[in-house]
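Per-chain numbering from 1; labels A, B, C and D assigned in written order.
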Amino acid sequence: MHDIALIGAGRIGKIHAANIAANPRLRLSRVVDPFADAAAALAAEHGATVSSVEEALADPAIRGVVVASSTDTHLDYSLAAAEAGKAVFCEKPLDQDLARASKAAERLEAIGAKLFLAFNRRFDPNFASLQARLAGGEVGTLETLHIISHDPSPPPIEYVRVSGGIFKDMVIHDFDMARWLLGEEVTEVFASSSVLIDPAIGEAGDADTAKTILRTASGRLCVISSSRRSGYGYDQRIEAFGSKGMIRAQNQLESTVETWGENGSAGDKLQNFFLDRYAVAYAREAAHFADVIDGKAAPLIGYTDGVRALALAEAAAKSAASGELVRL
Amino acid sequence: MHDIALIGAGRIGKIHAANIAANPRLRLSRVVDPFADAAAALAAEHGATVSSVEEALADPAIRGVVVASSTDTHLDYSLAAAEAGKAVFCEKPLDQDLARASKAAERLEAIGAKLFLAFNRRFDPNFASLQARLAGGEVGTLETLHIISHDPSPPPIEYVRVSGGIFKDMVIHDFDMARWLLGEEVTEVFASSSVLIDPAIGEAGDADTAKTILRTASGRLCVISSSRRSGYGYDQRIEAFGSKGMIRAQNQLESTVETWGENGSAGDKLQNFFLDRYAVAYAREAAHFADVIDGKAAPLIGYTDGVRALALAEAAAKSAASGELVRL
Amino acid sequence: MHDIALIGAGRIGKIHAANIAANPRLRLSRVVDPFADAAAALAAEHGATVSSVEEALADPAIRGVVVASSTDTHLDYSLAAAEAGKAVFCEKPLDQDLARASKAAERLEAIGAKLFLAFNRRFDPNFASLQARLAGGEVGTLETLHIISHDPSPPPIEYVRVSGGIFKDMVIHDFDMARWLLGEEVTEVFASSSVLIDPAIGEAGDADTAKTILRTASGRLCVISSSRRSGYGYDQRIEAFGSKGMIRAQNQLESTVETWGENGSAGDKLQNFFLDRYAVAYAREAAHFADVIDGKAAPLIGYTDGVRALALAEAAAKSAASGELVRL
Amino acid sequence: MHDIALIGAGRIGKIHAANIAANPRLRLSRVVDPFADAAAALAAEHGATVSSVEEALADPAIRGVVVASSTDTHLDYSLAAAEAGKAVFCEKPLDQDLARASKAAERLEAIGAKLFLAFNRRFDPNFASLQARLAGGEVGTLETLHIISHDPSPPPIEYVRVSGGIFKDMVIHDFDMARWLLGEEVTEVFASSSVLIDPAIGEAGDADTAKTILRTASGRLCVISSSRRSGYGYDQRIEAFGSKGMIRAQNQLESTVETWGENGSAGDKLQNFFLDRYAVAYAREAAHFADVIDGKAAPLIGYTDGVRALALAEAAAKSAASGELVRL
């Protein structure tokens, strides 16, 4: 049973807290949050104590630190925790600044940090099964990839302003997924983005809709479709085209119920709230972190992956702004 | 190129005429119908001549006769055509009277008649594929069978009155299908029927809804679900449960188009008109008849099959009326 | 927070223990089991104490008792708990003996027992949604119903011998489901059963495959398809045919992943283990029990439902044995 | 009944001949082909006469000319037929040279030609239904579009060499489809193409795999996925994303049969041969041509559409070669 400190008692922090509490190999011991009430409530729910970051990192019983604080603090807390010899579970993204993140990666490398960067979608049973089948050669050699990732509705405009832009904030998930599935590094990025949903997003200097093409050295191609608002829920699909066939992961529905009438059939809604859609993925992240602490597994996703996904996001943003292909 | 005479220029006769005309091995030569205008129009459309039954049967060029006249004349025309040495393509059912049909079967046997009884559903590509897979052992040994056959809407009450009842008129298709797929003769029949759709059907002495259980000597079980009006179109499905799995034939839709919105997905309608739904089956019947004339195939369905399906229909009607299991 | 005593620390007892522990309104306080080790382990896992039935019922803090012991003790423990003034959560079935169960129901009625009989499938989100839509008139008036309930593989033959037979042990779930959905009491039962899977089941005096037709006073019909071994997993489907359409609940798959190749597509397996397939249903049962204790809800399923489902099971067994329709 | 001359008795010519023959408003009168045997056989099959182009165009009875000859002759025959006052049904593409096609379009405009350019996919019932629903606002305003068009297997390398390249030969269908569905002209094209299937295709100066992004003035985006060999058949799908939902047309399967076993379900193959997959579309083209001759309809697709699709194909080829966005 490893003692864990959680930094960040917000929406995603609560999810991680619950999954740590439910995991038989982990115990939530300390909760850190600048909002004392939030920290106290979450600590009480799971029998943990409220703590400062310093106390948590100084406590030799703490084996792992979950960084689920605001994005701009991910890197500092992760570095501090790693310097203190803790295993680190860092919420995505590692950072929004490529230069900063690259420099931090050098330091993390130097100190041999055990850092797990939590891109939740790799832990989704559907996408994980797709990856395993692809890697197992079920459809021959991968040639191209389609990733659809459309949100149910846009975030508040205040969030959009500080989000880092659609590529760093939202498509970053898909850049990581693409890297995982393509099996080769991306060498070229082209993106075209539009403001089709809300002019306020455009006024904030961002786009709400985008299509991105990634290309690898051997010529594999990946298309990512991004939308801040789908009109039909949380569309999360992948199709992988290989030399001998195609594997796809479809959406999860709220139920298997269908109604058939004179005009045809009606199926149920997509599972729309991301915390529901990826509930299993979040629980598997906690289990993976336990493996990392135990030394049973290296982090499936590390800081280098975070840096590379960020580099793709920057390249895509640059391409969308300039209309030019960006070579990496 | 075999010359064919068609008796009956009504709705189903027109279908057979078109399929004969389109088949490179058959030529529609003579059309017979008590309604002279109908006969003339259909003959003109396909370059055939209007004829009497006698002329058609006396013509040595005529190799095959398609009997698509009213049900009560099926048996007499089929017998006459067989006596004249013609191959016979007889629309279902052979007859509505079991004793009469049995007696006719003896005569057909005695004269070595080549009679193809056209239960169209055996020629549907979906059901034919299901049968082939089942016979090929794709799911091990067949154990049980579910047949769903629900019509879009009930026939006119005038038709119901002379139809012979739901079991002889409608479920007869499914009795033939069950016999084909079960691979063993049925030994017990239980049926429960209701009037749920239109009281007028009950007043006419018939039911509009039924569930029937068939059982074979080895204990295989088949359920047939029957409805004169489904409320969602022409539901034609089969599920076959074997020792190693299940094979099913689903419904055909009007298109593959789906609309997804906030409340879920909407698929297209079932293909509802039976002449559309079974268009391919009817064309395949004509091709099979050409094979029968050529001696390349024995009739896939013969008069004996007609008699046995009729026996099941009578048993089911008796069971539904009495509430008792009928043993054959 | 209501204190709960659990009688039975076996497979299903563990599920209920976990769901009680996870429910914010319930606390698992006492665990009873004749196997001291099992009781101790389960109690330790959830911070409860090992207890005798007597102690548990004598404890005024205990508000509810979950009876998850062996089937032959369900009735006695439920009665004792009810007599002690506790709300009762009784695993299905209430009992295997109709006379005994009926007599007990009279006593439960007399003392105003709050007894929730846990037929888990009513709490499955798919079936619950189907029921709600049906009750809401989404497809008009219900006419007929198809319930498919095929197990992945048969239980050990030792279990079969004491199971009470396929109808009381397995189909009882479907009788309850049928009663819930039909909206009318069943007046006639016909069943046909076979031994197709394992002769040993036949030698034990039981069948492994059955088709049952239920009929209500107004002529609604229900078919139940039962198999102890499907060959393709845990098949749990319902189709409800109404005057204006059809509602169906399909199976749950292990993932949404499909592979497409030259020979067509391959979809994932059915969710086969019943504790996985009905995991959400079990959690909802605990929440419903909390509502019952709080007086916010009457038991969705009570002892009367248990008696009636048992009566249908007895009627079906009698029909299958005699080949006769059984009128209730 | 309009007399039609057909130029070209090859594979696609035979399809058009059969559909003209089957259409009650059209009669196949003359067949032209440099291969005398091919012309004679096709003419004989449909009761037409073998003819030269000059004879056909000089015959005042001929109302329409179907140009189904080799691609490099499409434009000349179409112009000649139009000059002779005939309605023209021209197989796609209009030509492979943009300058030539543009110049011809001016002449066709000047003489008021009735030219129907037969991009068959617009007549597919699935895609036509998708277009109608989209135009009807079923999912609000269109935002983005995904077109997947993967062939079962590459054409012979000899064909590849003279094909004009993947964009003009294959993706041209999708450029037309995109234009039809986008509802706005395309202003920017970016394409990335690879040789992943057969190095010989690369040696012939062509690519076998491509992803193309189209953009309109208002920012609508379209992705086209192209492959000469899918490994799983003829994949022909479209997804249209609107402000209120998504409409998609799925693939057509060979049958509705599924087999379920221990490892999951197996569905049937895609309908792989393009003449089968688009059989209905080709028949509808003939009917549309009859409408055009009758003056009941303007050509759904005209020479201008042909020129614009060709312009997109040239732009895509240029973009793929240069790595640069091409603005139109």
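The rule we apply is simple: contacts are C-beta pairs under 8 Å (C-beta built on N, C-alpha and C of every residue); 3 or more make two chains touch, one makes a residue touch a chain.
Just so it is clear, the model here is predicted, and its values are computed rather than measured.
> From chain D, which chain is the farthest off, judged by mean CA positions?
Relative to chain D, the chain with the farthest C-alpha centre is C.
> Please state whether C-D or B-D has more C-beta contact pairs across its interface.
Of C-D and B-D, it is B-D that has more C-beta pairs in contact.
> How far is the middle of chain C from the middle of chain D, if each middle is the mean of its Cα atoms, in Å?
Taking the mean C-alpha position of each chain, the two centres sit 58 Å apart.
> Can you give the whole-Å distance between the Cα centres of chain B and chain D?
40
> Please set out, as single numbers or ranges, the residues of chain B touching at least two other chains.
In chain B, residues 139, 231-232, 244-246, 254, 260-262, 268 touch at least two other chains, as defined above.
> Write out the stretch or stretches of chain A touching chain B in their complex.
Touching chain B from chain A are residues 231-233, 253-254, 260-270.
> Within their complex, state which residues of chain B touch chain D.
125-126, 129-130, 133, 138-139, 244-252, 254-262, 268
> Over in the complex, which chain D residues touch chain A? Could you list them?
Contact set of chain D toward chain A: 139-140, 143-144, 146, 148, 150, 188, 190, 192, 194-197, 209-211, 213, 215, 219-221, 223, 225, 227, 229-232, 235, 241-246, 323-325.
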